[in-house]
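Naming follows writing order (A, B, C and D), and every chain is counted from residue 1.
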Amino acid sequence: MELSQLLERIADEVAPLRGAGTVADYIPALARVDPGHFGIALADLDGGVHGVGDWETPFSMQSISKVFTLALVLARSDEALWRRVGREPSGSAFNSLVQLEHERGIPRNPFINAGALTVTDELISLVGDATGELLAFLRAESGNAALRVDEEVAASEAAHADRNLALTHFMASYGNMRNPVATVLDHYVRQCSIEMSCRDLALAGLFLAAHGVRRDGSQLVAHRQAKRINAIMLTCGTYDAAGDFAYRVGVPGKSGVGGGILSIVPGRCAIAVWSPGLDKRGNSVAGVAALDHFTTLTGWSVF
Amino acid sequence: MELSQLLERIADEVAPLRGAGTVADYIPALARVDPGHFGIALADLDGGVHGVGDWETPFSMQSISKVFTLALVLARSDEALWRRVGREPSGSAFNSLVQLEHERGIPRNPFINAGALTVTDELISLVGDATGELLAFLRAESGNAALRVDEEVAASEAAHADRNLALTHFMASYGNMRNPVATVLDHYVRQCSIEMSCRDLALAGLFLAAHGVRRDGSQLVAHRQAKRINAIMLTCGTYDAAGDFAYRVGVPGKSGVGGGILSIVPGRCAIAVWSPGLDKRGNSVAGVAALDHFTTLTGWSVF
Amino acid sequence: MELSQLLERIADEVAPLRGAGTVADYIPALARVDPGHFGIALADLDGGVHGVGDWETPFSMQSISKVFTLALVLARSDEALWRRVGREPSGSAFNSLVQLEHERGIPRNPFINAGALTVTDELISLVGDATGELLAFLRAESGNAALRVDEEVAASEAAHADRNLALTHFMASYGNMRNPVATVLDHYVRQCSIEMSCRDLALAGLFLAAHGVRRDGSQLVAHRQAKRINAIMLTCGTYDAAGDFAYRVGVPGKSGVGGGILSIVPGRCAIAVWSPGLDKRGNSVAGVAALDHFTTLTGWSVF
Amino acid sequence: MELSQLLERIADEVAPLRGAGTVADYIPALARVDPGHFGIALADLDGGVHGVGDWETPFSMQSISKVFTLALVLARSDEALWRRVGREPSGSAFNSLVQLEHERGIPRNPFINAGALTVTDELISLVGDATGELLAFLRAESGNAALRVDEEVAASEAAHADRNLALTHFMASYGNMRNPVATVLDHYVRQCSIEMSCRDLALAGLFLAAHGVRRDGSQLVAHRQAKRINAIMLTCGTYDAAGDFAYRVGVPGKSGVGGGILSIVPGRCAIAVWSPGLDKRGNSVAGVAALDHFTTLTGWSVF
């Protein structure tokens, strides 16, 4: 079966799930997205990119940005980050402060909010304009120079940031914050508010399938670091559903409350799916189902 | 034995404890206070005030301010506050976020930091200039028009406020904050940074011994509310040493990391002590010892 | 007003509360008690004992036993106990394991279940037959040789002891248990299952009002230790309502889920009340109200 | 490179790590094992089994038993188990009670102690003699009729079981235990105390590589369930090091404090390693290193 046929078939199979689940509604800009959207795109190591459905419609990538900021930090400072953030699953709600207090300001991993705030703080220290750096990278990899921060979403996120501000000040109280809390928060919400399509995301994530090598052939992160990021995606990439995602999909993935998921098949391809309806643990209902079909049909699940 | 003799005797007995313990050192302005200071003052219901030692030397009242802001809120809104803050001992470190998460943004009592921040927020909503209101009250009761915020201490507290900012944003994320976090914090640190002497404090706290009646004869809070504040002081007034304080002193008391303690003997008098050396739970070593002697010698302990 | 008149008046005032609240129903033997019971008894330092209502009807004393086992341990080993158990309020549900894990097997105070289990364990080590020792003491003080364990209640408690067994094994895993868990549990449930009337309880608790002196004039615990027990009763004696109890009643008290409360007015008297209907925090509705009236009418509240 | 050569090469590479780490010493029978042991065995889908080093020396399998009891339960009751235990990483120490209290007696996954105790309880309800059932299965798959419980280890584990007894009683207090606590504990410690060699273990675990099919061709668990078990092994199989294990080894694995690890390459083979020296998170130092080399050399890591 050809790839485009495969993607069509997956889209058909998950069609009944379009609109299932609940669209994130903690900010108005996300709440008014049509839950019926569905798109899937696949970028392979040969440079090809295929898609079906709404695969070229931009959406808010939200927490998927955490994968890219992590990679940009590891690209520059290698192992230094791990003194400030762990690499193990958290087992709590993604924004709990309890574990953070127990572990004296060291977040469990880079994909819970506390950890991602630390990563953003580190990236600011390394490059200054962390959001600019991220945008430049995403534009280069996706070949889409139009990528931008959705300023309305960013403003709305900033206006609902008390929990993240609590996390950041809390880490600062343990000495685990280098830059002013307001600066870190500003970059964090702007990074989450970047709009990308499935096509853009699949291309931007391809270096993780390519052992750390960018589309222009340069090495962004060492093979070892790409492996590391993939391992963290598999064990911590889908909030409190990592075990279920590993079972159903069986390859690394990182989801966002905008309804997107970026999944990596190391050595083969990157796949991005999007459908705004979320299950009760915050992952796209149709998106997880599509990835489940994909790895089952291709036999590329780990298990 | 006359009161002044009694106070002299207490001062003699605790003299060996002057300088014992550790001066609070998390901000420079507090760290450089001479640990050898000791003062004690007693204000009785007849309007007399007596003191020995450094009883007229101003010091940073810190958490003792929590008693007064609580009274000012209860004076204006009676029971409404208790929807936002509890009245039971906390059993945790005075600044823990764990309990706050477990109880969804409702602090255990008004004397842990989270609770006092809620009280300050409520006072801002009620009167606007919460710090101005507090200063006006303290000046009126102490008859000391010179009372003021130590701006150096306030600035230093504000620069070390990450833990309190985390608490405030955290409560805001549960909808338990009415005013901007920055505004609440600003008033909170300025209230804690007011300088008062033992003399000033004893006079200002006298209404709690007088069933809620101010020195000018007006009723600040109902008898019932004075009783309530005293009960909270006895069970929650000395951080994680409330049980020990109840045992040793046996009357309500509220301590601050500046080394001051305000104690109330309902129906009789208010006593303020000051000595900057703190025990490991944050209470003045010589101050607790002096109050212990006082209630033992007078037989005014509850027990 | 004479004492008997005072008690009559209190009984009249709380009559509308008879039957209010919920009878403890976790074991059948407690669940079938008539919620309409109410009794109150007062024992004074002159040896007199007065009562009204069902003051001579035996009921299950449950957690009130914790006061007596604590006193019996302190009578024999003075301060040694405090290496194994704290003396501060717990701020959590009375049977939570979280705090116990955080503090590595050391319970917060002797009146939460974990702490009382430690006290029982200590008493077994000191005297062997801990329940026999307790019964002998209670019989001697109350002058009631018929006091006994209600074996049906004890058997029922033992059959519903998983939470207490978990607490005891958990402390044992930290090395804070000297005797076999089954032995400690057996004594603990039998102690809780002793039946006493208000009259018996008031007489048995009188030593706490008498600075540690028993009815026969011998000293059970030092004055200092009686003060300590009273302080712990005031700050920790009524589960998660210690702050409210201190406010309303203003003297030390210890409640049990059988609906009894023992209260102490140091230097004056011991009062026992009983009414089986409990509020949502496990304290007798009519019992707390009666003690509230009592300290208000006598002016013996601390506050 | 042939398999035996591959295993030889791995054994050579990890030789310097023999004796590194710390042998489990909480019971004497484990503490006296020679830390210098190292063995590795591989069973492939064709029925072949290869090994080097101490691959035929029996050792205490400890927590590796959790994989097999889980499979035996799923074989009989399919999805029913998941009402009593979760399938997500725990993020806490493997024996913490905090999470268990937060989640009202439902353990996070079947590989933390609380979860495995639930699985054992379920297996007792399903088959009665849970340990006999497990032994029969292990003997059949390994072809080793001599497999047995090491009774000395079992007795020693039973004598140090306070933490596990606390967990079990705690779950019972939430209604999540069907059989008497003593019965469950007895089976649990006996299951952990079964002695197996790397050879035995690799053969016994082969069904997980074979999509649920036993060596005799019968289906033990559905393909779907084998996938599920493998996913739980990958995300929860190595205590608080699952993220690191996923990164380094990249295939499912379950470790035990006896120094063994069983790893599965779905569709290919089962590998068992043994070396008693543990890292600070309780996993065999030389064992993890050997598996790391193995998946690197074969290219069978997920990542």
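Throughout what follows, a residue touches a chain if its C-beta (ideal position, glycine included) is under 8 Å from a C-beta of that chain, and two chains touch if they have at least 3 such contacts.
All of these numbers come straight from a predicted model, not from anything done at the bench.
*Asks:* Looking at the contacts, which chains touch subunit A and subunit D alike?
*Replies:* In this structure, no chain contacts subunit D and also subunit A.
*Asks:* On a C-alpha centroid basis, what's the spacing between subunit B and subunit D, in Å?
*Replies:* 56
*Asks:* What is the distance, in whole Å, between the centres of subunit C and subunit D, each centre taken as the mean of its C-alpha atoms?
*Replies:* Measuring from centre to centre gives 48 Å for this pair.
*Asks:* How big is the gap, in whole Å, between where the Cα atoms of subunit B centre and where those of subunit C centre?
*Replies:* Taking the average C-alpha coordinate of subunit B and of subunit C, the gap between them is 32 Å.
*Asks:* Scan subunit A for residues touching two or more other chains and write them down.
*Replies:* Nothing qualifies.
*Asks:* Indicate which of the five shapes (line, ring, star, complete, other) describes how the chains touch one another.
*Replies:* Drawn as a graph, the chains make one closed cycle, so a ring.
*Asks:* Could you run through all the chain pairs that touch each other?
*Replies:* By the stated definition, chains touch in these pairs: A-B, A-D, B-C, C-D.
*Asks:* Going by the contact rule set out above, which residues of subunit D touch subunit C in the complex?
*Replies:* 96-98, 101, 162-163, 165-170, 172-173, 177, 181
*Asks:* Would you tell me which residues of subunit D are touching subunit A in their complex?
*Replies:* My answer: residues 86-92, 99, 108-109, 226-228, 230-232, 234-236, 240-244, 246-247, 250-252, 266, 301-303.
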